[in-house]
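Presented below is the structure to which this report refers.
In order of appearance the chains are A, B, C, D, E, F, G and H, and numbering begins at 1 in each one.
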Amino acid sequence: MSTVPQMPKCWKVESKPHKFCPGCGHGLVLKALGEAIDELGIQEKAVFGADIGCSLLAWDFFDIDTVQTHHGRTTPVVTGVKRANPDTICIAYMGDGGGYAIGSQHLVNAAARNERITVILANNCNYAMTGGQMAPTTLPGMKTETSPYGRDVNEAGYPTQGPEMVAAITREGAYVARGTVSNLKQLKGYFKKALQNQMDGNGFSFVEALSTCPTNWRTNAKDTWAFLEKEMTQYFKVGEIKNPAAKEGESGE
Amino acid sequence: MSVAYKALPFEGEKGSWTVFMSLCKGCGLCMEKCPKGCLSWSSHLGAYGTPTIEPNMDDCTACGICKAVCPDCAIAVVKKK
Amino acid sequence: MSKTVKIALAGEGGQGVQSVAEIIAEAANEEGREALYIPNFGVEQRGGVSVAYLQIGDEPIGSPKFQTADIVVALSDRAVRRTKKYVGEETTFVYDTSIEGIEDDLPKNAARILAMPAIEVSKNELNPRVFNIIIMGAVIKATNVVSEDDAKAALEKKLGYKFEQNPSLRELNYNALSRGMELV
Amino acid sequence: MTEKPIQEEKRAFLTGNEVVAWAALAAKADIMYGYPITPQNEIMHYWTRMAPKFGKRFLQTEDELSAGFTTLGGVLAGRKAFTATAGPGNTLMQEPMSMAEMMRIPSVVVVQQRGGPSTATVIYSQQEVTMTTFGGNGEGFRIVYSPSNHQELFDYTIKAFNTAWKYRFPTFVLGDGYQAKLRESLTLYDPEARGIELIEPEPFLGTEPVNGTKSYTNMRNTYNTEDELYDIIVRYGEEYKNIAPEVIEFQEFDCEDADVVIVSHGVVSRAAKGAVQELRSQGLKAGYFRPVTLRPFPADQLRAIADKTKTLLLVESSYGQMSKLVKEAIFGSTVALEYLLKPGVGVTSEELVAKVKQMI
Amino acid sequence: MSTVPQMPKCWKVESKPHKFCPGCGHGLVLKALGEAIDELGIQEKAVFGADIGCSLLAWDFFDIDTVQTHHGRTTPVVTGVKRANPDTICIAYMGDGGGYAIGSQHLVNAAARNERITVILANNCNYAMTGGQMAPTTLPGMKTETSPYGRDVNEAGYPTQGPEMVAAITREGAYVARGTVSNLKQLKGYFKKALQNQMDGNGFSFVEALSTCPTNWRTNAKDTWAFLEKEMTQYFKVGEIKNPAAKEGESGE
Amino acid sequence: MTEKPIQEEKRAFLTGNEVVAWAALAAKADIMYGYPITPQNEIMHYWTRMAPKFGKRFLQTEDELSAGFTTLGGVLAGRKAFTATAGPGNTLMQEPMSMAEMMRIPSVVVVQQRGGPSTATVIYSQQEVTMTTFGGNGEGFRIVYSPSNHQELFDYTIKAFNTAWKYRFPTFVLGDGYQAKLRESLTLYDPEARGIELIEPEPFLGTEPVNGTKSYTNMRNTYNTEDELYDIIVRYGEEYKNIAPEVIEFQEFDCEDADVVIVSHGVVSRAAKGAVQELRSQGLKAGYFRPVTLRPFPADQLRAIADKTKTLLLVESSYGQMSKLVKEAIFGSTVALEYLLKPGVGVTSEELVAKVKQMI
Amino acid sequence: MSVAYKALPFEGEKGSWTVFMSLCKGCGLCMEKCPKGCLSWSSHLGAYGTPTIEPNMDDCTACGICKAVCPDCAIAVVKKK
Amino acid sequence: MSKTVKIALAGEGGQGVQSVAEIIAEAANEEGREALYIPNFGVEQRGGVSVAYLQIGDEPIGSPKFQTADIVVALSDRAVRRTKKYVGEETTFVYDTSIEGIEDDLPKNAARILAMPAIEVSKNELNPRVFNIIIMGAVIKATNVVSEDDAKAALEKKLGYKFEQNPSLRELNYNALSRGMELV
């Protein structure tokens, strides 16, 4: 009979409970990621970069070599690591603000250069760490601290389609997918393929994970799931967008 | 590295179920996803001084969904063979 | 001219210490006194100890934080550890009786140490939601920074819209305030 | 026109970030461009809540580079535009501000300092003094106000717009996390009701034709020869020197007979004030000097005091950034210097009193 | 008989001959743009922003209100103008380096927000002003100062597909096209539609113009045309990618 | 291993940018990350030509933010990584360098100063002194060498790698457009053949397991409380102070009996040297002082001279950026100060001679 | 605003053709695009001290292509009606 | 120890003044002398006047640019206007006879003003492509900074690969050099 928590092996036990809020999707994304890393057996070779955003709270989340970087700059830091030591397996972890706003030049250019790194982006439709401002991914009509009357698409545009954008500037070698913490098994599968794509030297891999932020959404558990599963998926289509391994007729999940 | 967590185990027909109180933040995500609706708030306090959860082991099928969706790995479920 | 009163309130994210400090500050300001309230804040949206620094006096307040408080209220084990440095020889140190494992962490140098069963009282007599209002009662009684009436007026201002919807809430809060005042 | 946000005067109990938003409204700012960063966020939060009510605009940009450059665009279009930032965001803001310096684009930036370097803390410090006063590649032709309480935060935010548009040097209100987040009372007012004239902005670009003919403006920040640049910098330098006496502000008291003068700025000077009062009440000869403008620095004013006193005690929540300004300003003085440097943390009156007593 | 040069009306005569090199495509792009502006009659309302890159040489090119900005920052400056004064017709002019590298976060976010501005990007496959370094658009195998042995796609990726990327993050209101100085009439047509799209308030408009750089390509006139027309078009497809006006069955050129 | 880029010694006639590329090779740098900007470009041009021959790497990034942060990544991975920039690129570089400061990541940045502020000129200046010495949000815990000729450019670029890796403060070689573009002769050498030991970098991340167990590293730059940050800054400050005497470098001559000592740095000190020689040859008592490290600044050394001479003539191609460093360093001195400030343009011996003669 | 340029006009059967020497930088782009191949280097020097171009008016059809492709607007062509 | 010789060469983008300066500098360096050459450069890749600053002496050279040259060579109208500020009382100012409209711009204070038909000579006698080598000849003759032989050796080093392919080029260049020396 098990009386120890069933955490992924690469989670750092001493830093648990982790620093994320109750019900935070970051915990789920990193659980799926931890399992993916365990299953691929790459804990020792992995280098994990954490962006500023709530992702920074993961600076000591894993028993994995980790560097917490600046807001939006995790992609270049991790690119720098990989270029200098191609034996590492490099993961850049960031939020929608870090990835699609302040760090978008790094994201699109790393993608275009086909850097052999894996970028994982937790999309929670807002700037969570700073207290819930509008993000590029905020849904139309959604109220945030800087869209107090709801996001007006005429003023602020529609939610950024990150994976679609990344797909548009990458070529064959890239792996691009969007998962959700609502389907952790699938998400873990995407992570494994993304990491495998890096390990195979194919190229850039990118997974956006639809994630939850009950604190800034001001939702209870029920509404948290509902927002994730009903609202967000109206704008963000879950699935694989680009998969080099699926070339021969094999199709994504 | 071993860290001790205060565990609250429950036994049922289909398996055993444990919540680690110092990991549970009382977010309630598990509760919403339990297909049997057999989780409820417990009077024990968790990581943030917030209530943890407890199962109704009569209904629990030890399916492990609650465990899977917990962002804090605060639940362990072992199915009986 | 009376001395500026310095208050530190500390608890876990959900315990509502910031609201207590803010309401007291508002009440003092309404009384025409000088009040300064500053929350501590860190990177985490929740988690971490929440500390409220509050000063009330008759002259403009100096630096927003202070080294030694007149009263420190700590509502969790981590809060006790975090705030004992604000205790000086004239400080009243208040903590909740329900906190476990802090015997060794209690400040040695306080003028007065007061264990207060606020969590218990709120659970058993009132409602866990008004736990922080009990604390508020205790603070205003211990410090005299604002009158009970002004405290009630400030509560009304802050929570009036809720009281409208559910008038029994008003009474619950007022009771909590009184119970808190009794506990000191 | 919608009605004035503030009619006459009113006492208010607010956080500093709210104060800034109100001040910008009172100064008739038209548009804010910004990117979130703690501890500045609530300026945007309050602005976005109030803006639509008063016909104001807001744009949340993709980063601070964009916040700074869109702000310049807004100014070029003839609007009172402003932005606010902190810490690493302030670092990035130096790129657009270097363009503003070169092209003399009036611009107002509110900075709420947090701990540094790097991401450090989201809380408080006075560690952005050097960067804010001297900026990126260039000579730091800019004006920096360092307010110490909410009333001043309100006053100087309003003033910053007039200063920027009058002199056309980028103007900064250098607050900090404490000021941003604390609540205290102040009086809000309509500056015009107090007889403060608010400068009307004029468009640089998108101008209207005059008598049916439009004269076109071509603006640049790049020069071909070193000599062209030299002439410009020297001219700016002269202009800056000339306006400095008009711009400089400071506060002092009890310096006449002081043995020790505490020099501090911003929120730290609240503690200094309390300390000097306390020391005087104990019969100790302490004095108080505070630069309100960190740039231009009240050099002559401080020098006059340095000539009379024995020791200046330099106090700041950084590792000596204000101290550098002081030393540059009063070079030649032989006054003794003492320091209380607390990078990233606050300073209290109590510790200042103790420090001075130990010195005397 | 004409004895005055037939320049677009909005060209500033006093600054001609302009500062671009002999045979430079910037001159052609700005000729097409000048004609488009003349034909739309918007000279007085236009605001022209010039990036750093050889585009900066256009700081006094037009009798149009102009601001030369920083490298990569023309999009935000011009966005700032437009947001503050929506009556202006705002044009951001930049090179491939300014648009796709250092300014790409601005480009993709302005596009995502559907800013009512027109971005015109001269793609000359290199960083010209700084003396011919590799750009995101440098062709595979092409030698530049920082790819002296030819661009290695394995190291540096394939040429960035800018308009395709912009198209992927914009919605209906946006106009996106790629023209070439080899077909100035078509290019002018794209510019007119792009500007009209802004004037109609539909949204963001973006035109990439394939352009020449004989100085850094080290080509004579013949090879200049050949590189533009034969090499570049292998990687960059000329045509309209997104046209709100073409919705009703009407197709792009 | 491929063979050494430089065998023993050889005289060469090169541009400064070539010199830097050779020096980086000689210092066994592994990888350069960079973004083009004049007048630094040719460092990349030469590096990319030579790199493959010696098993070195290069990455051209999307901007200077990326160049700086990828450089830090390269260092974290255990490689000797470096970058080079100028002007507005240097402004952006302050963001990554603030992270390097906080996390004590050794890093080498070569700066070839150009005119400022803003885009200004692509040519020359000494206007990036303040920014390079003090940086972004933070306290400027960094080391800055200011070479004056190609030999020094070579020597100090090599040295910068050792300094950075030894002390773990970001290290800058502060050149300028003139040094970048001019051609003159120097001696290239293999530092190891001269007995200079080159520090081997170690990985921070991606480390190998020891005896089958890997111990994991978790690095951060963000802290929760003000006190945590305070302790770190004060500790860094102490460390910096302690290493300063070891790091500080300067040059002086003819100061013993000088009436006027010319203080200058970098390329300007070439003119100063010529001027002092000329003045002495005319029997005039001029002296020469030059900080080689601008940070830490040779304060004691200059103070000793200031105590003996009547006037310091501060000369620089900026509007007083080195002068600020001087005044801070020797505060308390009552030496008279005179200035020759030429922002963005060069200084010649002739005008210095004229200036001194007019002063005496 | 009027600025005077040194113009070199040529007359042909189909029209008139002019090069403005102080605008022409001698890039040769026009030459390559002339469908008649009737442009050649001239001995007159242009904007950068480089040779300008001149047409063989016998072949020139005044089609205006050279004018259209000139980045410097250095050519004027007027077709005879 | 002889005085350092200061040379300023200016022309239009295509006139090759930078190559001239570079070759002379290389030649001097090969002779074991101290040489410093710095081009001016601006934002434009072409267009704009190109100026080369060259100093040759026996001691390490001081500042890379100078106020007064020993010899100034200006090859276009704009070059004349741009470089006349480098002329002092001991300066030799050389310009090409073909330049029009500069009568008023010629420096008044030069020690010697020399109009040189280099463009014409190159066109008529040699080849427009070696125009700059004529200039080079003139400069080395006027300044004596390097010997003719060393200048030839430097030419060989720089253009040797071209001479290999087309040996007549070598002669053309040598002739240009000699012709240039004669023109001074």
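Convention: a contact is a pair of C-beta atoms (placed from the backbone, for glycine too) under 8 Å apart; a residue touches a chain by one contact, two chains touch by 3 or more.
Because the structure is a prediction, the values reported are computed rather than measured.
Undergrad: Treat touching chains as neighbours: how many steps, at the fewest, connect chain B to chain E?
TA: Steps on the shortest route: 2.
Undergrad: State the smallest step count from chain B to chain F, taking one step as a move to a touching chain.
TA: So the least number of steps between the two chains is 2.
Undergrad: How big is the gap, in whole Å, between where the Cα atoms of chain E centre and where those of chain G centre?
TA: Computed from C-alpha means, the inter-chain centre distance equals 26 Å.
Undergrad: Using mean CA coordinates as chain centres, what's the gap between chain D and chain G in Å?
TA: Distance between chain centres, rounded to whole Å: 59 Å.
Undergrad: Between chain C and chain H, what distance separates the C-alpha centroids? Give it in angstrom.
TA: 84
Undergrad: Where in chain B do residues touch two or more other chains at once?
TA: As it turns out, chain B has residues touching two or more other chains at 48, 50.
Undergrad: Note the residues in chain A that touch 2 or more other chains, in rising order.
TA: Answer for chain A, listing residues that touch two or more other chains: 12, 20-22, 52, 56, 68, 70, 101-102, 104-105, 109, 129, 131, 136, 156.
Undergrad: Counting only residues that touch at least 2 other chains, which ones in chain C make the list?
TA: Residues 42-44, 46-48 of chain C each touch two or more of the other chains.
Undergrad: Can you work out from the touch definition every pair of chains that touches here?
TA: All chain pairs meeting the touch criterion are A-B, A-C, A-D, A-E, A-F, B-C, C-D, C-F, D-E, D-F, D-H, E-F, E-G, E-H, F-H, G-H.
Undergrad: Hey, which residues of chain F end up touching chain H in the complex?
TA: Touch list, chain F to chain H: 13, 38-39, 121-123, 149, 178, 181-185, 267-268, 270-271, 273-274, 346-351.
Undergrad: Across the complex, what residues on chain E touch chain G?
TA: Residue positions touching the partner: 1-7, 11-14, 16-18, 20-28, 31, 184, 214, 220-222, 224-225.
Undergrad: Spell out the residues on chain F that touch chain E in their complex, using ranges where they run on.
TA: Residues 35-38, 41, 44-45, 48-49, 52, 58, 60, 62-64, 88, 118-119 of chain F touch chain E in their complex.
Undergrad: Within the complex, which stretch of chain H touches chain F?
TA: On the chain H side, the touching residues are 22, 25-26, 29, 34-43, 60-68.
Undergrad: Which residues, counting only chain D, touch chain H once they are in their complex?
TA: 222, 224-225
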